[in-house]
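Naming follows writing order (A, B, C, D, E and F), and every chain is counted from residue 1.
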Amino acid sequence: MNQHSDIRLSLPSKGRLGQAALDFLAACGLEVEKPNPRQYAARIPALPRLTVLFQRPGDIVVSVRDGSVDFGITGMDVVAERQGDNGTVLVLHNALNFGHCRLCLAVPEEWDTVHTMADLAVYSRALDRPLRVATKFLRLTSDFLGRHAITPYTLINVEGTLEVAPAIGYADLIADLVSSGQTLRDNRLRPLTDGTILHSQAGLIANRAALKSRPEVLTVARTLLEFTEAHLRAVEHLGVFANIRGESPQAIAQQIFAQDTLGGLQGPTISPVIVRDGNPNWYAVHIVVRRERLFQAVAELRAIGGSGVVVAPVTYIFEEEPARYRAMMEALEEGA
Amino acid sequence: MNQHSDIRLSLPSKGRLGQAALDFLAACGLEVEKPNPRQYAARIPALPRLTVLFQRPGDIVVSVRDGSVDFGITGMDVVAERQGDNGTVLVLHNALNFGHCRLCLAVPEEWDTVHTMADLAVYSRALDRPLRVATKFLRLTSDFLGRHAITPYTLINVEGTLEVAPAIGYADLIADLVSSGQTLRDNRLRPLTDGTILHSQAGLIANRAALKSRPEVLTVARTLLEFTEAHLRAVEHLGVFANIRGESPQAIAQQIFAQDTLGGLQGPTISPVIVRDGNPNWYAVHIVVRRERLFQAVAELRAIGGSGVVVAPVTYIFEEEPARYRAMMEALEEGA
Amino acid sequence: MNQHSDIRLSLPSKGRLGQAALDFLAACGLEVEKPNPRQYAARIPALPRLTVLFQRPGDIVVSVRDGSVDFGITGMDVVAERQGDNGTVLVLHNALNFGHCRLCLAVPEEWDTVHTMADLAVYSRALDRPLRVATKFLRLTSDFLGRHAITPYTLINVEGTLEVAPAIGYADLIADLVSSGQTLRDNRLRPLTDGTILHSQAGLIANRAALKSRPEVLTVARTLLEFTEAHLRAVEHLGVFANIRGESPQAIAQQIFAQDTLGGLQGPTISPVIVRDGNPNWYAVHIVVRRERLFQAVAELRAIGGSGVVVAPVTYIFEEEPARYRAMMEALEEGA
Amino acid sequence: MNQHSDIRLSLPSKGRLGQAALDFLAACGLEVEKPNPRQYAARIPALPRLTVLFQRPGDIVVSVRDGSVDFGITGMDVVAERQGDNGTVLVLHNALNFGHCRLCLAVPEEWDTVHTMADLAVYSRALDRPLRVATKFLRLTSDFLGRHAITPYTLINVEGTLEVAPAIGYADLIADLVSSGQTLRDNRLRPLTDGTILHSQAGLIANRAALKSRPEVLTVARTLLEFTEAHLRAVEHLGVFANIRGESPQAIAQQIFAQDTLGGLQGPTISPVIVRDGNPNWYAVHIVVRRERLFQAVAELRAIGGSGVVVAPVTYIFEEEPARYRAMMEALEEGA
Amino acid sequence: MNQHSDIRLSLPSKGRLGQAALDFLAACGLEVEKPNPRQYAARIPALPRLTVLFQRPGDIVVSVRDGSVDFGITGMDVVAERQGDNGTVLVLHNALNFGHCRLCLAVPEEWDTVHTMADLAVYSRALDRPLRVATKFLRLTSDFLGRHAITPYTLINVEGTLEVAPAIGYADLIADLVSSGQTLRDNRLRPLTDGTILHSQAGLIANRAALKSRPEVLTVARTLLEFTEAHLRAVEHLGVFANIRGESPQAIAQQIFAQDTLGGLQGPTISPVIVRDGNPNWYAVHIVVRRERLFQAVAELRAIGGSGVVVAPVTYIFEEEPARYRAMMEALEEGA
Amino acid sequence: MNQHSDIRLSLPSKGRLGQAALDFLAACGLEVEKPNPRQYAARIPALPRLTVLFQRPGDIVVSVRDGSVDFGITGMDVVAERQGDNGTVLVLHNALNFGHCRLCLAVPEEWDTVHTMADLAVYSRALDRPLRVATKFLRLTSDFLGRHAITPYTLINVEGTLEVAPAIGYADLIADLVSSGQTLRDNRLRPLTDGTILHSQAGLIANRAALKSRPEVLTVARTLLEFTEAHLRAVEHLGVFANIRGESPQAIAQQIFAQDTLGGLQGPTISPVIVRDGNPNWYAVHIVVRRERLFQAVAELRAIGGSGVVVAPVTYIFEEEPARYRAMMEALEEGA
């Protein structure tokens, strides 16, 4: 059942998550070529053996679980809700740094006495009927309510917009995905301060059996992990070139090592700069710094006489064999 | 639970069905004023006590069933799937003449041997595993497969687009709503010739308990039925005025009665026309004809000397107390 | 200055009001033909001597006031704000039944103690600085604050969205146009219960001097008033045809006169209906009823034996010389 | 060749003309049901044997000419350009009252000495090379230039926007379709005062052989002509009801006959009105007037004591057998 | 008044300027995260203490002036018009290199005798009434007319599109923002050759008092200036790597110094290249050149034997402490 | 004729090809500034003497051929169809790597016996009439059919969508541009396996006479070729920096030379890295590798002890004088 000879990766078929997944892969150097908006299949020229499919976020988890696709990029929220307990869905990467949201419990603004889960437990006990919670995340919500000893409750599975359920009256509160919180405010709902069930972002999942039985699937897994890791590391760094006057490369290096932020990945590359007046003491320093420390690094370079600080983008930073690849190999062993 | 003092009507919140419902009510003289696209509630000025809500088609049935809304206009497909067995959902009108579609079983085009349900039964028996059917209509599909003795089968509930399920491989065939059939063809699927599970169009449903216990809800039910019936009858008719020369109104009427199509609702209204030359034998005839017979009616009027045939639109045709209102009253009695 | 030999009507150039004005004129039988979205001038084929211009609502009042255009359709809010005191702008019609909104004072939701103008006066007196009100309606707001003895205050004229002014902090409250109230709620503002400065809808204005000095302008004024009045009356009525059995037209009329709603504009038109069985006592009654009383009228017709009630639309209802035309003529006399 | 058993009507596939054709047919009571925007075929429920196809305006003429479709609605401009000389394309209706435009010669604004065709002839003779005219209407432009003795000239067939050809320099002037003239002005071109080659609007064409050999095609031709003619007549008229006091129907009719505009199609229908005070001299008059004379008609009715003037729309006005149908039958005879 | 504890930056709320401001900040590494199109506030993750607000361009100046926001990015045109004379608005950067336009006087094309301000003065003197100028820039236009001795004049403040004012007749000429000039040409207006009142582009402004009293505001000012300056310099440069054969780094440097364009920011970085054949005379040169001189630089490198010229982007170029930061500090001193 | 003093480049005016051409030029550093969507002319700031025009793809070839424009970027398909035989159109670059498509013959899916050109010849011979082929590429299709000895045939030139021609019946098969093939599948057409007439992508063409007679045109040609070549080479490469420990630069180089993929353009640049512990054996290696070999290159670097592999983008790679420039110069000589 579900036999296919190609290798398959499912992406979210539309919406913000779908576009973000395409943008993410392109930024990783794995651009998706979708010849036609109406086709459900596409290609990644850099991974010619791969077929790209487009499905709803939740269907992706189901397809990876039942083996009809080998890899999926989707929200960790639906992975947590739908991956099942039998280990067929392996999470290769749980933080692709897009699609951030959180699943949380929200109550009508006018519930003046309910701000925490403890308040909710009190409120619930005072009701003479089960608390009704509208949600599309039955399993996660149920676990969370259980952990907070909210009982009894009824979960109401709604097709469309959850946020109107309390106003219309077919639920008391909701458990829904929130990004900016504006939709909740528009509907006069308020998240509970400790009501966050899950923090989610996009992740990469795979079918365990496919990884174990098909070497070409394992090869694609490695390529996906190498490029996503190298890209995610690269977006946090910048290359910095500066000219510095000093007695020698070693002397300049000592000054650099004395600074807080500078130091690069391992040590600065230092090359001579030939200047018009023949002064032999000019050197070019090349380091890589974290993007968020750039301003500080520039200040430190200036402090030790650096000038002409040129900053350049980096596309990938490959470290040793990526940790997540090792983790995957171990997980495959375990399940053996 | 679910107590509300207003009277509530839920409409489909978006898509073709949503717009068609708004257009239909406007054509009935019950225009919906939605002050703001982001609000979930609206008003019908002609029914000032009514609150209009917007929900997904399936959620409408659930809300009417649990009593959080009193009336709903939605597809009869989701009504059949979700109304439940306990009679809380009363179908007031099952043919509002928009939202036509059918739920049907469709198989991959390349299944050369499967064109009928009988073929499918053969195909299924030859499989060494259950037939997998992707659908959002679990109950209706299950009943239908049962009636055709297709067994064993697994129903797969898909979040997004069903049509790709056979191509991706997580289902063998699908049971989905079809209007033009183009989407099936695009996905190389073919409906079975006798695989139509349900013909559907939009209908009007109500909560039985609300009708029985709240007289103001019953009054609104009557108004809704009167206007929708009078409108649906009107769109099928046209008013026709013609000038005819004849000895007397009675003589003209006899000629009219002798024709196939003419005759109007009860009999022609005949009034004198005063012409310039004083000829006293000109009369104006006013009848109402079915739109589809108009051309024939004009031919018959010409045949008996009619000229200057002027056709005018009609907005409503009210008959005696509408049959569907009587049916509702009887259904309420039964459930007493 | 501002001499032009054509006759000019300015309409709102865009937005909801602009579209509504075009729809309104089309419904009046005065469809505007705009050959090209980029042209600022258009024509009304039914009024061939008229040039239609498109301007912002407020600019329309200014142009009518300075005589560069002769007629304008725009919101009564900007008319009130900008028409000036010297009577050059004559209001021909102040209720064209579209573009409804109200200008009102709104305060931040968290001002718990301020719900009325009286509360605001108290609040203002407790401030050690002038109350700051953001608005585009300086004159109307100033008059209103004066009438409610709110003092001192500063009016802040904002280019863009007023609603954010209190949140950003450059105003304490706002005076703005409100239709559904959703924008206020989104920005956590609340209108004062008696803070409505003006109820507004679209109106028709004209330049007094043009009406007095150019007979062709006066002719167009009459045409505009006749068609708008006849249209506005028509949308509130429907034609009703019913067949009734009775001894004589007079007998039927007596039954009709005895009913509450029936009666038509002056009296029913009653014509004989010739039926198949020769019964001479069938008559067709034709009356005109108010749309909002239709349901009641149908019930009354049924009560006196009416059947086959056919309702048809009406396009115009012309009464005697329209009251607003007389009012205009008188206003022109006064100003002589 | 081109055999097909259905009856086919081609409509313009997109743009203003395409939408206008759909609107026109709907207004005629022949609404087109296009189940899916991507399908090239559709149906008209009122003409169940007809297949509706969508093609570019010029391709429609070619398809009707070669018999692959039976009927086409398209611009008379492309009909004139492409219908050929052998009479296979029969024009059933040449004025459907939409898609108005004209084909005309336009020169650069800075050609100060060229305003008429005569000026152009002078200009052309002074050139030492052929005049270059960019156009998509080779045949019509060639005929027109020939009739005005402009010679020598070269016609340049452009794929895209003609208007830029003179500015880019690959043509001296253009012959193009003009509706509002704004595009010409934007490109600093000016039409010659007598340079209009053709006034065009949408028309209905048919394949002569299909009309002659297939009776069911002839039947559809009649239906199309009846409904389009009855609709086009109806949009120019309105029904008018007024109450008038008079000695008798005849007396009232005499007053009406004495008026300029009144008189209706043949004579007024006059029915008694029963009024509350029993006055027997009230009558209801029903006439049909031309829309453009409505205002005058109302004035005349008021002049003879009419009141309560109610105006109602008409959908069709069927006269005797339509003239264009007779013309078609004659043309078919001729070609026999 | 206007107290706020966060630090605030206002950006243009929509249109071309709004999008360009977001793009500019993103290119500077200061990406704005706007969680929801309907929210008026956003964040810049790289400047976590900053609140980003969205206002109309002119309102931004007013808010910075009154201190309700600390920083603004908006057009220098509205800054010049609205900043006032009291020095509360400090211009930190007046040339962010987007939003280019100019404010200029434009007259109807048919004013054949008016091409310069001197011509306009003559034209104006010949009028027997004040010249009427429609504009939204009352102050700048007034100053400019004064400087050119145009008197008397009336300024007309228009809500909407200025360009139609001369055609409608309520102004003689306009003073408006022009980017491509197409809108003027469309409306048959022509700018005066010396009628440019102001050349404008986007700038960065700040509230003087906030800078002086709140050190954290000063810190943000420095960060904004550093990153915008380093980005603006970077977009004009490219990094160039080339391999050159030479006796020694010094010899190569001499060749480079002899070229016109080459030379980099201070001097080339020269590193050895190890080639397969062991030739020790290959060196890699790394320089930074202005983008507009790239082609010339490549030619010069080729001329001295350079090959394999690889060009790479730069993200920032940080020089010594930016001049505009020093200018700001001095301006703050002055105002002390 | 066609004299112009500026230098002109025509780009496709709209659609996918138009946008791709703008994107391509921007990526080459030759960004097009189009001030206004309605203008037909634009500028490239980096090539200030150039005027950019926008035309339909086929019109571009015609304009370059007749000399009204000097350069064109358009599809090689229309170049092949329309360039003519007299050598006036010179192809400067035939593979700009966007706008890929192929022109191919496609037949109805139900033609079971026709899969190759040979099958088509058989099919055609069995017809008793010419094969009818709908196409917009008359010349290329005619040549291709001739080469395959398909005869007799008729070419049908269609204005709009070719794909419906076989279904409607006015052609038997089509020759059309295909990118993904989805449109063919939607219309139930199938390409012949050896029916590809032409593989096409965008190219750069020029007018031979302009290149020969105007030196400034030749200069622009060189600039265009240099930048497009340097860009096209750059997109296929990446800069790679890695730290490696080794005895000496030479020792490291030997290791690198021993690897498959590594080696860079000529040889690695090797600079010392100063590390904290004073170990003198660390070096930084800078090479350029093909993008498609990146993963392999990283593996090889790791294999020889490389760490901290940083990958950076390159904007241009300029080689010696580009081959296509030399080819152009030779072609100009030939034509002398």
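Assume contacts are C-beta pairs under 8 Å (C-beta built on N, C-alpha and C of every residue); 3 or more make two chains touch, one makes a residue touch a chain.
Quantities reported herein were computed from a predicted structural model and do not represent experimental measurements.
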Any idea if chain C and chain D meet via the same residues, over half in common, or different ones?
different
Roughly how big is the turn, in degrees to the nearest 5, that lines up chain B with chain E by CA atoms?
180
Recurring contact interface, reference A-E, options E-F, A-B or D-F [over half identical by residue number]:
E-F
Any idea how many Å lie between the Cα centroids of chain B and chain C?
36
Whole-Å separation of chain centres (CA-atom averages), chain A against chain D:
61
Distance from the CA centroid of chain C to that of chain E, rounded to the nearest Å?
47
Got the chain A residues that touch at least 2 other chains?
38, 186, 271, 312-313
Can you check the complex and tell me which residues of chain B touch chain D?
179-182, 238, 241, 243, 271-276, 278, 282, 284, 291-292, 294-295, 298, 302, 307-313
Within their complex, chain D touches chain F through residues 1-4, 8, 13, 38, 40-41, 53, 55-59, 62-63, 66, 68-69, 129, 156, 158-161, 164, 167-170, 186-187
Which residues of chain D touch chain B once you look at their complex with the stated criterion?
29, 35-36, 38-39, 46, 223, 226-227, 230, 234, 237, 239, 249-250, 252-253, 257, 263, 265-271, 286, 288, 312-321
